[in-house]
Amino acid sequence: MGRAGGHAVITAMSATAAGVTERDGIEDVRAADGTTWVRATDTSPDERRRLREAFDIDPLATDDVIDTVRPKTEEYPDYTFVLFKTARLAAGDTAFRDEVETTPVGLFVGPDWLVTLSVTPIEAVERVWGMVHDGRLDDDTGADRIAYRVIDGMVEGYFDVLDELEDGIETIEERVVTTTDPEVLESINEIRRELLSFRRLLWPSREAVGVLARGDAAGIRAESEKYYRDVYDHLVQLVELTVTYRDLASGARDIYLNTLSQSTNEVMKTLTVVATVVLPLTLVTGLYGMNFETMPELAWPLAYPAVLLGMVVVAVILVAYFKRERYI
Amino acid sequence: MGRAGGHAVITAMSATAAGVTERDGIEDVRAADGTTWVRATDTSPDERRRLREAFDIDPLATDDVIDTVRPKTEEYPDYTFVLFKTARLAAGDTAFRDEVETTPVGLFVGPDWLVTLSVTPIEAVERVWGMVHDGRLDDDTGADRIAYRVIDGMVEGYFDVLDELEDGIETIEERVVTTTDPEVLESINEIRRELLSFRRLLWPSREAVGVLARGDAAGIRAESEKYYRDVYDHLVQLVELTVTYRDLASGARDIYLNTLSQSTNEVMKTLTVVATVVLPLTLVTGLYGMNFETMPELAWPLAYPAVLLGMVVVAVILVAYFKRERYI
Amino acid sequence: MGRAGGHAVITAMSATAAGVTERDGIEDVRAADGTTWVRATDTSPDERRRLREAFDIDPLATDDVIDTVRPKTEEYPDYTFVLFKTARLAAGDTAFRDEVETTPVGLFVGPDWLVTLSVTPIEAVERVWGMVHDGRLDDDTGADRIAYRVIDGMVEGYFDVLDELEDGIETIEERVVTTTDPEVLESINEIRRELLSFRRLLWPSREAVGVLARGDAAGIRAESEKYYRDVYDHLVQLVELTVTYRDLASGARDIYLNTLSQSTNEVMKTLTVVATVVLPLTLVTGLYGMNFETMPELAWPLAYPAVLLGMVVVAVILVAYFKRERYI
Amino acid sequence: MGRAGGHAVITAMSATAAGVTERDGIEDVRAADGTTWVRATDTSPDERRRLREAFDIDPLATDDVIDTVRPKTEEYPDYTFVLFKTARLAAGDTAFRDEVETTPVGLFVGPDWLVTLSVTPIEAVERVWGMVHDGRLDDDTGADRIAYRVIDGMVEGYFDVLDELEDGIETIEERVVTTTDPEVLESINEIRRELLSFRRLLWPSREAVGVLARGDAAGIRAESEKYYRDVYDHLVQLVELTVTYRDLASGARDIYLNTLSQSTNEVMKTLTVVATVVLPLTLVTGLYGMNFETMPELAWPLAYPAVLLGMVVVAVILVAYFKRERYI
Amino acid sequence: MGRAGGHAVITAMSATAAGVTERDGIEDVRAADGTTWVRATDTSPDERRRLREAFDIDPLATDDVIDTVRPKTEEYPDYTFVLFKTARLAAGDTAFRDEVETTPVGLFVGPDWLVTLSVTPIEAVERVWGMVHDGRLDDDTGADRIAYRVIDGMVEGYFDVLDELEDGIETIEERVVTTTDPEVLESINEIRRELLSFRRLLWPSREAVGVLARGDAAGIRAESEKYYRDVYDHLVQLVELTVTYRDLASGARDIYLNTLSQSTNEVMKTLTVVATVVLPLTLVTGLYGMNFETMPELAWPLAYPAVLLGMVVVAVILVAYFKRERYI
């Protein structure tokens, strides 16, 4: 269609063994030879209605792409609807529900047609579109295979998110050993929030792909099962990794809290050493500062240096003791 | 019926393609054309008996609506009984069992009739009643579809509860960073209590809707399955969110407890700095306050300013050391 | 039988639509019209043997009632054996295995007969016996229905136990906010022990009733399923509540431990304020207590009041600072 | 066989309704009337080979009895192999893998024969052997029934281990209330290690008996199912108890750590009271120890007793305050 | 083949009852008598293509051996593909994903052929190769049996990894009792990281072998099931052990943190004893250092020794008190 009304982009092409043909409208593309792919972005309600009519799509399904619905696969008699989402960690301080920014993509997979629908352009969709368009896909261009490539590309993006989280944990693990800055604990909490939020996305995504991997949904050929099983395995691994990373974050928190306890312990030791060395010496000076008339030692000529010497000896002994006990 | 005895309200209407007819009694409405909906609120035992007789409803079921029974779906040969509950967080300090205030609603879904029964008027019921009454439902008015709209409306209310809880957690997360006020910990505990209490409601609700989503219960048409699956998905998400929010609350608690430990650490550092700087200087003043007869330095004219200077130097060095060690 | 040998009580009655007949021996009651219920308490081995012979009961089953066996349902070809237990929290300090005091009851449910067997009289059994005896059961008096009423009565007793535990937790929650008395932590641990011990009883009880709720055990009619499903739901709820209450107890423990940390923090602040205010002032007095010959300020007439004033000013400033920092 | 080569003991007997016959070799016992039981202990590889040949036993199975393999049941066409282990808590300080000392026993249960194989004599085997030998088993002497008695006896031994662990926990629970001795924490850790190690044994044992309780393994008659179900129930209970006991150990740890925190809190209070009472008084003595020439109060006759009185009053007030605040 | 291009090593042999024949190419070995084993290491893409063609292997499968894919079993119509990995703990400080170093091995198990493919030579493969080559396998040389021996050897290596981890935990358990060195906590965290990383490997490996243990995969004979079940049991045990070891690590952490708390408690006690003994004595010296004109006791000849004696008495009493309270 190549329509220019608003920002909406709806393009269609048919891919056959002979090559790729661009289409100028969606009304008749369903009947075209080969696999027809209609890619729609930023559509108006009216455009979505026309899409639904051209492919007999359930209104509930296209609405789900606009709303904030969890990823899912819904099986219809003639096609399969997959709702999938891109993920990106939100920068800065955000509410929990916004920790992971997502954009939904709807994939409607028919026997020889595919409709992808999203509010904004999706990188994984664009990339596969380009590959199909330029004939860079050397193999099968069935609708279920193209859908697999799009979904696989989005799951790749999930690994990027997890890599970012792992980098964050590694950075924290280095910091917790030396600092008692409470910001580190907040960073750990931030990562835990992000892991929780990300896992909330992964769980339903895994289930959605699991349905496809069973291979009996409309529009999914049995020979494509193994591709979806691959994606499913990746999603299982991603979920496991969020659990594992949360354990890593807990370990980092333990070390951080211990660093603080160590600091308090050190501070107390410093105080104890100073008080234990100085207080007894002060007592001695207090003794000879008393004003009793009968204190014969006050008159001894060597009393003062002797007392000074005794105080130094006591101090040295105490310091040596504390050194041995690792107080200082 | 429009009866005015006590506060009880029992109203009935029949919805057909042609329009909605209000009914003046419940005895014959079951046989009316189209879908009959009897809405009963604050009924007497006798009125409930008449309802049961009109629709062949099991007495155990209507009793459950009055008692404090967990949400559930019970399949009967001719109809399906769904017990669902509204939820609202209780204000103020309450016993655990009262943290989430609930009002039960019984939905009896027959092939072409629906009975809703509750002790007080329920907002979701009233809203759907109005929509059916005014013909604002542009689609299917089957009993199972109307029941779906009521249940869906109540689940929407659950999301409001969860939003309130999330707001509470976000507020706490901002407070824990700066305060050691023990009330924050009590707030965290309050939220955990509310989450536990809310989850106790969600678990059986999810199971109850799960039975409907399987689509073979009496009165539930196969084509309505997908609507109930949608509600089921919402309930799954709600349960997951209570788990996630509890994790968030734990994270907030960690930060709060750390803030307190930081405070104790700071206090100890203050004490240590003061004692370490002042005690040695006091020892020096004690030395020259001793009353030995032979202390030649007491007679030196510059001894006093020299000692003062020495004390300042020692103090400055110690303070600089503690600055570098981040004690102050 | 109405036998008076020892403390054993074995009584039998037959309930038909026409009324209830007391029986004078157990040998022939099985053949009587209507439902025969034999209630046996504190029996001798010989009496149990006669019971077994009269109803063809497996010896292993009657032995289980005497021993300390977990609650269970065992299906036999002609009858179903249910071992259930009453529960009561033990007072005072007890070993873990005695935290919840239990008394086992054996229910043998045949097609038209019921045998209940226990070491001591059981309140739920006595109550239902009275109801059947006086014809106060207005409905079905089938053996499986009577057994349901006995089991349901025992499960009601479980809710009483849980209410007692919840009351204990609420009491603790009020105490933890203000006290650091270590007895509170022991109370929390006591409640956790009781919850663990109670859950140990609930788990197998839930499984035992679950078997009955499937409705195909001998002696259990399909139309009684729903009653047992009700009891099963109660037991599910009870198990969930023990988990929830344990979470509540953990929350109370967190607050208690925090109250102690707060106390230590307060103590440290008090010490730090006193030391920080007094030590510098003491240093000043030490300065002017030195015995140097050349200390011109000692001769100034206003030196003493000026020093006093300076000390007050320093003290006021420090106190104001600590007030602002919420140390006092 | 009654062979005396080395320490190996291989004995055989056949039990029929008529009585028990001891056998002098294993080669022909399989064909004997009644149930044949061959008991082999501390065998050489060659003896094990002869056993295998006499009963067509799989070499992998007899090897498992020698090796450190987990308990298991393996079903063979003609017999069932059960590997079970005795358990005993190791005394003293041991590596984790040696916390629970075990001895494996292999039971090969055929239709009318039983082979028990172990490296050292096993008490449960010896006891049942004696009972069969002396005709003290008044009932069924089928191979599966004898095997049940041996396995049941070994599980009884597991309860002894758990009783020992519970006694240990009860002892610790009494100690944690009063002591801060770090050895208590090590005892708690030791018990947790033993519970973990014991649970590692129980898990596969439960599964092994579960296979027998299903009642369709070769050599296990349907009528013996219920006996194995009994043992299975015991093992389920044992596993649950290890989880429960671990919770008890955690509760004891909480109390122990709190006792230490209480101790630190008490120590800080003592220090704070002493410093807060003494430091201000010392400041006063410092004031009147200054050497200013113009300090008129020094000349007042009642100044000294007045100051002394004032100091006592201040001290009494402070002590009363700390008493009220429960510092002392 | 024995090719020398690059470092690649591809060797083939056929094992029959008559003996082992080395093969000089892979193109025709599939048709050879007996079991053909092709062992390929460090292959080029072209060599892998030739392998695939010789045995009709799926390109996706050989790619998985090169990539970083989780262990898995994939069932193809004519053969079964097992991806398994060797494991070794990485030395030194590494990122989480590198804690356990792995090398993937692909095993393609056909009816009478086996292809093993890896990037570097694998010890378990080499060892079994040698055994087959030298006829040291006295039994079955079916492809599934050889594959079992390779996989079993790799699982043995997993036990070595776990032994290393257990040794690490035992070392830490000895250290935590005496030290407060924060490095110990980092060691505990390191072990937890390694356990998490190792478990990530074990989980999919267990699933992969579980598929083989079900015995219906292509190339796996029913009679080989029991061998794979053995390996499966080992993997179950390994996963359980990682959970158990993590619990041990947590116990060690508890003791470590307690050792630090004990240290802080000891330090505070030291400080409190010194301050409590010395401060009151210093107050006394301050008293008699005051310059009041009327202090009659200053003139008493025995006042000084009496005060000294009194101070000693007070000090002795206080020290005795603290001894009794176990402060010192």
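Points to keep in mind about this one:
As written, the chain order gives the labels A, B, C, D and E, with residue 1 at the start of each chain.
We take it that a residue touches a chain if its C-beta (ideal position, glycine included) is under 8 Å from a C-beta of that chain, and two chains touch if they have at least 3 such contacts.
According to UniProt, the chain labels map to these proteins: A, B, C, D, E = Magnesium transport protein CorA.
If you're wondering where the values come from, they're calculated on a predicted model, not measured in any experiment.
The chains that touch subunit B as well as subunit E are A.
Between subunit A and subunit E, the least number of touch steps comes to 1.
For the copy pair subunit A and subunit D, the superposing rotation over Cα atoms measures out at 145 degrees to the nearest 5.
Look at the contact of subunit C with subunit D and you find different residues on each copy: under half of the numbers used there are shared. Centroid to centroid, with C-alpha atoms defining each point, subunit D and subunit E lie 26 Å apart. Once the centre of each chain is set as its mean CA position, subunit B and subunit D turn out to be 41 Å apart.
Residues of subunit E in contact with at least two other chains: 261, 264, 268, 271, 275, 279, 282, 286, 289-291, 295. Taken pairwise by the contact criterion, the protein chains form one closed cycle in which every chain touches exactly two others. Residue ranges of subunit A in contact with subunit E, taken from their complex: 166, 169-170, 173, 177, 226, 230, 233, 237, 240-241, 244-245, 247-248, 251-252, 254-255, 258-259, 261-262, 264-265, 268-269, 271-272, 275-276, 279-280, 282-283, 286-287, 289-295, 327.
Only residues 60, 70, 72, 74, 95-97, 180, 182, 185-186, 189, 192-193, 196-197, 200, 203, 253, 257, 260-261, 263-264, 267-268, 270-271, 274-275, 278-279, 281-282, 285-286, 288-291, 295, 298-304, 307-308 of subunit B touch subunit C when the two sit together in their complex.
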